[in-house]
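Here's the structure, in structure tokens; my notes come after.
Going in written order, the chains are labelled A, B, C, D, E and F, and every chain counts its residues from 1.
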Amino acid sequence: MIFSLAVYGAPFSCQASDSAYQFACALLEQGHRLHRVFFYHDGVYNGSTLATPPQDERNIPTSWSQLAEEHELDLVICVAAGLRRGMLDATEADRYEKPAHNLEQGFTLSGLGQLVEAAMISDRMITFGN
Amino acid sequence: MIFSLAVYGAPFSCQASDSAYQFACALLEQGHRLHRVFFYHDGVYNGSTLATPPQDERNIPTSWSQLAEEHELDLVICVAAGLRRGMLDATEADRYEKPAHNLEQGFTLSGLGQLVEAAMISDRMITFGN
Amino acid sequence: MTETTEQPAVNPKKLLFLNRKAPYGSSLPREALDAVLMASAFGQQVTLVFLGDGVFQLKTQQDPSEIEMKNFSKTFAALELYGVSSIFVEQSSLQKRGLTLDQLLIPAKLIQSHELTELLEEQDQVMSF
Amino acid sequence: MTETTEQPAVNPKKLLFLNRKAPYGSSLPREALDAVLMASAFGQQVTLVFLGDGVFQLKTQQDPSEIEMKNFSKTFAALELYGVSSIFVEQSSLQKRGLTLDQLLIPAKLIQSHELTELLEEQDQVMSF
Amino acid sequence: MILHTVNRSPFDTNCLNDCLEMAAAGSSIILIEDGVYAALSKTQFTDQMLAALPKHNFYVLRPDLQARGIQDCIIDEIEAVDYSGFVTLCTELDKVVSWY
Amino acid sequence: MILHTVNRSPFDTNCLNDCLEMAAAGSSIILIEDGVYAALSKTQFTDQMLAALPKHNFYVLRPDLQARGIQDCIIDEIEAVDYSGFVTLCTELDKVVSWY
């Protein structure tokens, strides 16, 4: 079955990101397909490559990134929500003349259309809100 | 009178940052002193220099930064909460070998002791939570 | 970044957007509205429901200029342009909050909770905001 | 970054930390506890109050290993080392949630709501979490 | 005495109820952000507010009322203040407790 | 039929109440994150849950119960599942509605 997930909560602050990640692992383990994880609202912070939790704690952006590499996942951060909150890739940093970019490997910035497309394409769309 | 503020909400997502900023402006206008604004929990995102809201909208980190410059404010981001969430200055980026730093001018990373000290020193401590 | 409004070649889906949060305290209502407009641009069968504190999003006379926020309630007018006409407000939510339909800034249909129950069941996907 | 635990030269203040959130769903309880320990290290007169869902923070047997989070409830044991002994749990909050004192992982005193009202009035500052 | 701030909708959370339960008689309460919805004059919550009015001094933040379009729909006895009035209240009362 | 997810404490918000009001008879509800507190067997909310039990299929996420130390305190009739069970429920039911 084809799943997509929508994540609206900030990592390290509320449990939405953790729940979405655990759910993603479980559905992949069962052999289902994960079409996309779409990060919106405070969920965009899941893609920060600068997140530096203590070494004995989970690193949520890195965990997503590794899962994406293993399973060729499409991790999409809403570009409008991301820009507002300071989540930039090299292209956007350049365009807005910002001094740095901070997107973790495996994440891409794209439009809200990707959320809608995920809802259209997937058999199940699960929202992890806060 | 000496005020300090504690801000625990993410900018652009909940109103806590906006309320704290408006409150800060109003107290300074009345001639009171603002000893410190301490950003903790999701409030740490107030210090992102990469925040890029649309041009016709408020830029919360920039607003804080300008207010700090005008009134020589002490804008402190909790270093532990900030590191976890990917808010780094040049020193921390260096220490943890991260590819970038993203702290807006006028903000500093410091310990939780600065929250406690603010509570001790100030006549009024106001928390803006979410 | 690539923003595509190209419509994927699948049949339109019934997408219901369930709005439960008050405006300004959270940016979620505003972000929900953007998603609704996008779904409509993609040619989907969009239904918009306001439940609980979500009904406050439609209150007339909103003016957040003093708190330096954008009056996103003006964007609700775009719903008509986008052809989104399936807009419902849950009756008891409105009543509990002392609001009437004429205090809402767009024409919305009242819906009873049991009707909403059925409406949810008819959808392909429900997007909660 | 400079972490100073040097105590400023002012008299100790009465600081009350008001904890109202459930653990794990939010990281605020954990961050509150860090602040409490810091206030104690600064030699302040610290009072810790658990109200509403905050009482769940003290439930025994917490084990978030399966959700890959840290068991921050173990840190409550440090309160004694830091000399924080003024720890209160609001009685009706506990009762409404079906919990008893022996299900809590540190010795806390029961407090009635009207006593908490007075306790709040006695403080120099109240820090809400 | 204490100035309590409440920033959550009374229809959504128990935030205001918790505050009302703990606030001393004669203390002040200011409704801000989504808390301003508690000031509405014709809601399911209005009776609770009217019952609490004699016990506390209630204020509501006018800019937050205006943002939400409800400045003309609130209980008469609740005083609307701007940020400057909010600051003044903080100075007049001994300390501030936030409920969120 | 729908699988509803609820992730907020019933003591703190109206999230679960809203869900219970809108969920069709025979639909399924899974309590996750702070929503798991609704499964407690001796609380002020327990009667409401017991009343709703015949109408819906209730599940609760075991890892979230364990995190909070309440796996031994829940209503017997509510089935505890792990993430794998949560995924299976999603596949068995037609769609998922999140209440948060």
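FYI, contacts are C-beta pairs under 8 Å (C-beta built on N, C-alpha and C of every residue); 3 or more make two chains touch, one makes a residue touch a chain.
Just so we're clear, the structure is a prediction, and the values are computed from it rather than from any experiment.
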Common touching chains of subunit E and subunit D: B, F
Neighbouring chains common to subunit C and subunit D, by label: A, B, E, F
Farthest chain (mean CA position) relative to subunit B: F
From the options C-E, D-F or C-F, the pair that copies D-E, where over half of the contact pairs coincide: C-F
Maximum centroid distance from subunit E, chain identifier (CA atoms): A
Chain pair, most C-beta pairs within the contact cut-off: A-B
Cα-centroid distance, subunit A relative to subunit D, in whole angstrom: 33
Between subunit A and subunit F, centroid-to-centroid distance (C-alpha), Å: 26
Intercentroid distance (Cα basis), subunit E paired with subunit A, Å: 38
Per-residue overlap in subunit F, given as positions that touch at least 2 other chains: 7, 11-12, 14, 33-34, 63, 82, 95-96, 98, 100
Junction residues of subunit A - those touching two or more other chains: 12-13, 15, 19, 22, 41, 57, 92, 125, 127, 129
Subunit C, residues touching no fewer than two other chains: 24-25, 27-28, 52, 67, 69, 124-125, 128
Overall pattern in which the protein chains touch one another (line/ring/star/complete/other): other
Contact pairs between chains, per stated definition: A-B, A-C, A-D, A-F, B-C, B-D, B-E, C-E, C-F, D-E, D-F, E-F
Interfacial residue positions of subunit D with respect to subunit B in the complex: 1-5, 8, 10, 13, 15, 27-28, 31, 34-35, 38-39, 41-42, 44, 124-125, 127-129
Interfacial residue positions of subunit B with respect to subunit E in the complex: 1, 3, 15-16, 19, 22-23, 25-27, 29-30, 32, 124-130
Contacting residues of subunit A [partner subunit D, same complex]: 12-15, 18-19, 22, 56-58
Complex contacts: residues of subunit C adjacent to subunit B: 24-28, 67-70
Residue numbers on subunit D that touch subunit E, as the complex places them: 18, 20, 51-52, 113, 116-118, 120-121, 123-126, 128
